[in-house]
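Labels for the chains are A, B, C, D, E and F, by order of writing; each one numbers its residues from 1.
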Amino acid sequence: MTEEKRRLIDENGIRTDGRRWDELRPLKIEVGVVKNADGSALIEWGKNKIIAAVYGPKEMHPKHLELADRAFLKCRYHMAPFSVEERKNPAPSRREIEISKVIREALQPALFLEDYPRTAIQVYVEVLQSDGGSRVAGVTASALALADAGINMRDLVVGCAVGKVDGKVVLDLNDIEDKEGSGDMPFTFMPNLNQVTLLQMDGLFTLDEFKQAVELGKAGGMKVYQAQREALLKRYFDGAAPDSSAPAAEMMEA
Amino acid sequence: MPKSFVVETIKRNQIVDALAKGKRLDGRGVNEYRKLEIKTHVIQKANGSAMVTLGDTQVLAGVKIDKGVPFPDTPDKGLLIVGAEVLPMAASYLEAGPPDESAIELARVVDRGVRESEMIDVSSLVIKEGKWVYSVFVDVNILNVDGNLFDATSYAVVAALLTAKMPRFVLDGDTVKDTGERLPLPVRKVPVSVTMATINGTLVLDPTEEEEAVMDARITLDTEDEGHICAGQKGEPGSFTPEQVLTAAEWSIAKGREIRQKIKEATAGG
Amino acid sequence: MPKSFVVETIKRNQIVDALAKGKRLDGRGVNEYRKLEIKTHVIQKANGSAMVTLGDTQVLAGVKIDKGVPFPDTPDKGLLIVGAEVLPMAASYLEAGPPDESAIELARVVDRGVRESEMIDVSSLVIKEGKWVYSVFVDVNILNVDGNLFDATSYAVVAALLTAKMPRFVLDGDTVKDTGERLPLPVRKVPVSVTMATINGTLVLDPTEEEEAVMDARITLDTEDEGHICAGQKGEPGSFTPEQVLTAAEWSIAKGREIRQKIKEATAGG
Amino acid sequence: MTEEKRRLIDENGIRTDGRRWDELRPLKIEVGVVKNADGSALIEWGKNKIIAAVYGPKEMHPKHLELADRAFLKCRYHMAPFSVEERKNPAPSRREIEISKVIREALQPALFLEDYPRTAIQVYVEVLQSDGGSRVAGVTASALALADAGINMRDLVVGCAVGKVDGKVVLDLNDIEDKEGSGDMPFTFMPNLNQVTLLQMDGLFTLDEFKQAVELGKAGGMKVYQAQREALLKRYFDGAAPDSSAPAAEMMEA
Amino acid sequence: MTEEKRRLIDENGIRTDGRRWDELRPLKIEVGVVKNADGSALIEWGKNKIIAAVYGPKEMHPKHLELADRAFLKCRYHMAPFSVEERKNPAPSRREIEISKVIREALQPALFLEDYPRTAIQVYVEVLQSDGGSRVAGVTASALALADAGINMRDLVVGCAVGKVDGKVVLDLNDIEDKEGSGDMPFTFMPNLNQVTLLQMDGLFTLDEFKQAVELGKAGGMKVYQAQREALLKRYFDGAAPDSSAPAAEMMEA
Amino acid sequence: MPKSFVVETIKRNQIVDALAKGKRLDGRGVNEYRKLEIKTHVIQKANGSAMVTLGDTQVLAGVKIDKGVPFPDTPDKGLLIVGAEVLPMAASYLEAGPPDESAIELARVVDRGVRESEMIDVSSLVIKEGKWVYSVFVDVNILNVDGNLFDATSYAVVAALLTAKMPRFVLDGDTVKDTGERLPLPVRKVPVSVTMATINGTLVLDPTEEEEAVMDARITLDTEDEGHICAGQKGEPGSFTPEQVLTAAEWSIAKGREIRQKIKEATAGG
């Protein structure tokens, strides 16, 4: 976070992309997009385009790491070289390794891993185009991919980032707000169980702002939860049979 | 692909029996491609991009163009580098990790087709000889694997390059300045990759993954607009008769013409 | 840490039973830290250094300051890079090797606290914009592990930076010359990391390794001198209620104030 | 392949090194040069100096990769740092990894791997000095090393590159022709079974030229096959007992 | 070793740090400094600050490398990034890999590894601050850490480097003498068994100087042995109970 | 080398029994070398090269000389870098992979002998101080292993350097130009490595692989033309008496003289 260089909210409370402080960017989710995967979802949120795919429960490799009382949950968050302004080296960066860990830990509370002892469940999050909030978008898509794979779940997991821009706590930062704002708090939770599963933060928040941010994150997340549920309904009850995957190409906006 | 011996034998028999009648399990003739879809401009942050769907194989290519430093032995040429990653999500048997020999072969063969056809005039991608050139990275993510990655990847790379817009850079003293203008790449030709496999002595075009699992050998030949063959690669642990190689060459020219037309239509307008 | 199921269950019961009475196995209350010792100037070849002992957790931080080249996107800022290695000698279950995801998370979270608090004024660590800046490396060796590496590492990094002396560099034509003068770093704030865990629904401060072995989730919040929260990280595969998150925020501010005082005393005089 | 810069064939049809279009460079093969190996061969072809060595059939490592119905064939093609004009980094390059794969696939059709279930057969191709056509020279030497190791074979494998120089299809490019010519087609086949086992290509060939190239490759390869057979005869029937290896040093031309 | 640039011994035979030719730098050893380790020692010798820690005998990983008739001895010598003038990259250098090997081989003759078949004994040598002679200091500390871990030993191992400065053979080079002197011989031995277990050398020594160096190394080593014994006595009989480790922080001189 | 316990015991007894009579399994006395052959100019594309055969151990060294950038702390010295790869083809128990600790030790000890003897006058390998120097890479491929790699590798490196021809580079403005002239390297001395092993208390020269399999410890000492010892390395998990070390020193001087003569003859004429 660097010092703010220009006004990011105008005198009418309107942000650079036309939103008010508590509005989400455009959000579109489609479940079942990777034919070979056991479950998958494509999320387009702002300029984010992210596919999550799940394989498992399946045999654990290497064998000696399998857990006697539950499934081993693995997660890889990865960015395509062309997903960001400057080409990204395809080898996993330290940032990607950290995010892989926090996404895994954000999903795990929702899973009945004890139902699948000695197996592995693998979550892949591939960022095809990156915008602010890619990790919470990744969690949101992953939860759907897990549901699509038929893994037993306590709840879905939804995410939404909250940030601080021009001294105000606002919902769902876009790219410019992320770079020029003064704080960012990625936040995911289980909407029915009311449990926080991911929380990171940078910038400067007073205790009051921090409390506002948690509230706003929950409110925003509930809207995302609505979109999650619609995507699942569309996949399973809206004509399309569960076993037919729509190739991602058909859904991505040109 | 890991194979169960019994399943493989049954599947092989099915495929071979069908081929004996000139048919394939998905109903195609030996020299037919699966449905090919090409969608461009799918990644706004890339200079060019294309999503290619060939049957159930799906790949996404993105082009990033920047200034760069030329290789010492080619100070008068821009950089054009093709990379490919078979994403671990693309099939159940894959694992994350650095590219294995198959992914390296894939990237190198696709690169060869683009390079040897001289599709892009790299001599004109120079800002200041020996100092600054354009660097063109084409990265491909394989999203779903169902056979014939060579062709799907090649079409995605070619379509992404055909629709890419590069910044116009100019020298500004010792450094380089982006003028803000955007130009198409200096394209001269449209190379087309055509991949064939032999199964029990029969040559088939565009093998699916289940066909690849039982094929004896694979051959990929690239042709350019005038029908010249510009790149080739035999793969897999079987062999071809010289006659099969010549048939493969003829097919690559004929099919290449059809597919070039499709690529041009899908990328018309840049 | 590798866990035996039976031992873990017994230990968990012990810990939970104690917590039901508001106590912990080592006698502390839920919101008490273990004994904290900070010793500075322990490595003469480093520009700054600090050994921190938090209970039986022991870490050593060393600062090396040199001239360096700025990142292309921040030509007007010095480099400040935090690295951490959990030495394989630090616990019986560790092995030598490149940093794993936990060590990477540790280094990145500690780095975040220092960076986001704007503890060091990196804008003033510039020798010539775009060409030469100061580079400040803080490397941490974890010598012995007994829980709460995040806080111990953070305190060691902060204390080492507070007592570091940097060479004054000046431009000398195209290169950089060391004047021989030594200056303190341009410090603006003292960030303090406070780590908490939930065990069976109870929030505790400064978990030991045996508490970490049975905890559900972990949360680290950093605060700066004015009591603003400047960095946060939830970890481990459990979850928090929103109320617990707010309690954690309050604790981090209150405890942060106490510990900041300790760090300042230990580093007084530079 | 870059554009051609000078005449590589003169008005009398003579190439830069004095050969006609259908002539091979000088070729010398010796079988049995690495004492410890189960089989080995040194090939000197143009300026190429390449040793192929074979170990096996032997136990497979790691065990879980062994194949129940046949031997696992491994191949490493590697260039010495001093083998080329600019010192080569000793770590395997992407080019070496690709060539290792195509050499392995060029040899496999000739081997009765099914005779050695659960074992490994390892082929090492070490390029001590590199010239045009090193991969086909490597295949040619490897086939001899496999025969020398006593591995059951359907046929030998021989190789010869064909290229395009000054618009003409010619046999066995040398270094300059490889760099300045307009096409190159490495080509290996089984001489008795008449099966193509390696084919790569770059440059620009019309369909007619491509056909010529395949024909010429076969004709050139038959000459190489002659040299292969002589080397085997010399090793096994020409005085030297099969178990005595002549150190490579004695054979390499100073 | 580069050519000598200035006088390192003055007309009175006094070295740059005030020592005579046969004197050691200040030496301080403390046993039992890493709480979790089975055995450990901190050595401060000149500006060296080195911790050695031992784990084992313990289960061998990977299993297939375990030895049926003795323990597998492993050793890692590693330098902290801040231990030297220029920040050191934390990845192990070729120098560190070589020193890890010679330290392991210097310790092994003193150990009854045959008493611990199928196990691993791990020695970690971490250089927190480096000065001349860090490898012999590392061996000296490691021998104590092994004794502290209760590993059966034939003898301790002690080390001392000998060098050549201004044409004279002198004991225990400091940093400047190491850089500007004309020879260095790290040397370790078992003091009671009179066996040399590590010897390396660079520079230029005549046969006579070499003999002097071996003699001087032994004499110096016997003084180090004295310090080793005192440290062990202090640890085990001087009030402190064997199971209480003094944290390294308490001992390191500020 | 992986060892079978039974075979090793039998072999050890054989070797020890022979040594009790002052003999070795191949008929040599304890202080005799195997047959040594040195052949130079075997790789035309290298600036220098040598194939060394010592018994059945065979190694090939090649020298590549180019312009390079000096290390920051030695701006006035050329680069001389020795690398060694034990090719996986060299013995049945080897596997391809990055150099292990033995290969690293081998390269570093051979490098030490060359460097510490000051064989090559690196001060004269400077084109422009601090900017451009000569870089001399000596790479060694071990082709066949039968013991005593240290000496065979050292002789190959020394012979390749003695017969190398370097381009004469001159400054041309800011860059470096090859004049086309070829010169010998600035050689001052000929270091010779002599390796010994103890087996059951007996010191032997030039151990074979089967002797190495049963040896207790190894010592390598390098000497230069005036008989000064310039490098040393004890290896393997055994030990020496101080008397054995002194005997080793005496042998290294005496044998070094003989072998230096052989190397000089084999490289006469450059």
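Basically, contacts are C-beta pairs under 8 Å (C-beta built on N, C-alpha and C of every residue); 3 or more make two chains touch, one makes a residue touch a chain.
Just so it is clear, the structure is predicted and the values come from calculations on it, not from any experiment.
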{"item": "Other chains in touch with both chain A and chain F", "value": "none"}
{"item": "Third chains touching both chain F and chain B", "value": "D"}
{"item": "Distance between chain centroids, defined by C-alpha means - chain A, chain D (Å)", "value": "52"}
{"item": "Chain centre separation in whole Å, for chain C relative to chain A (CA means)", "value": "28"}
{"item": "Order of the ring members, counted from chain B so that chain D is second", "value": "B, D, F, E, C, A"}
{"item": "Footprint of chain F on chain D - complex, ascending", "value": "34-38, 40, 47, 49, 51, 53, 55, 58, 61, 76, 78, 80-87, 90-91, 122, 124, 126, 128-130, 247-249, 252-254"}
{"item": "Complex interface listing, chain F residues touching chain E", "value": "5, 101-102, 104-105, 107-108, 112, 115-117, 217, 219, 221, 224, 227-242, 244-246, 249-250, 253"}
{"item": "Residues of chain C touching chain E in the complex", "value": "37, 39-46, 49, 51-53, 56, 58, 60, 62-64, 66, 83, 85, 87-92, 95-96, 98, 137, 139, 141, 143-146"}
{"item": "Touch list for chain A against partner chain C, complex", "value": "1, 68-69, 73, 94-95, 97-98, 100-102, 104-105, 108-109, 185, 189-190, 193-207, 210-211, 214, 218"}
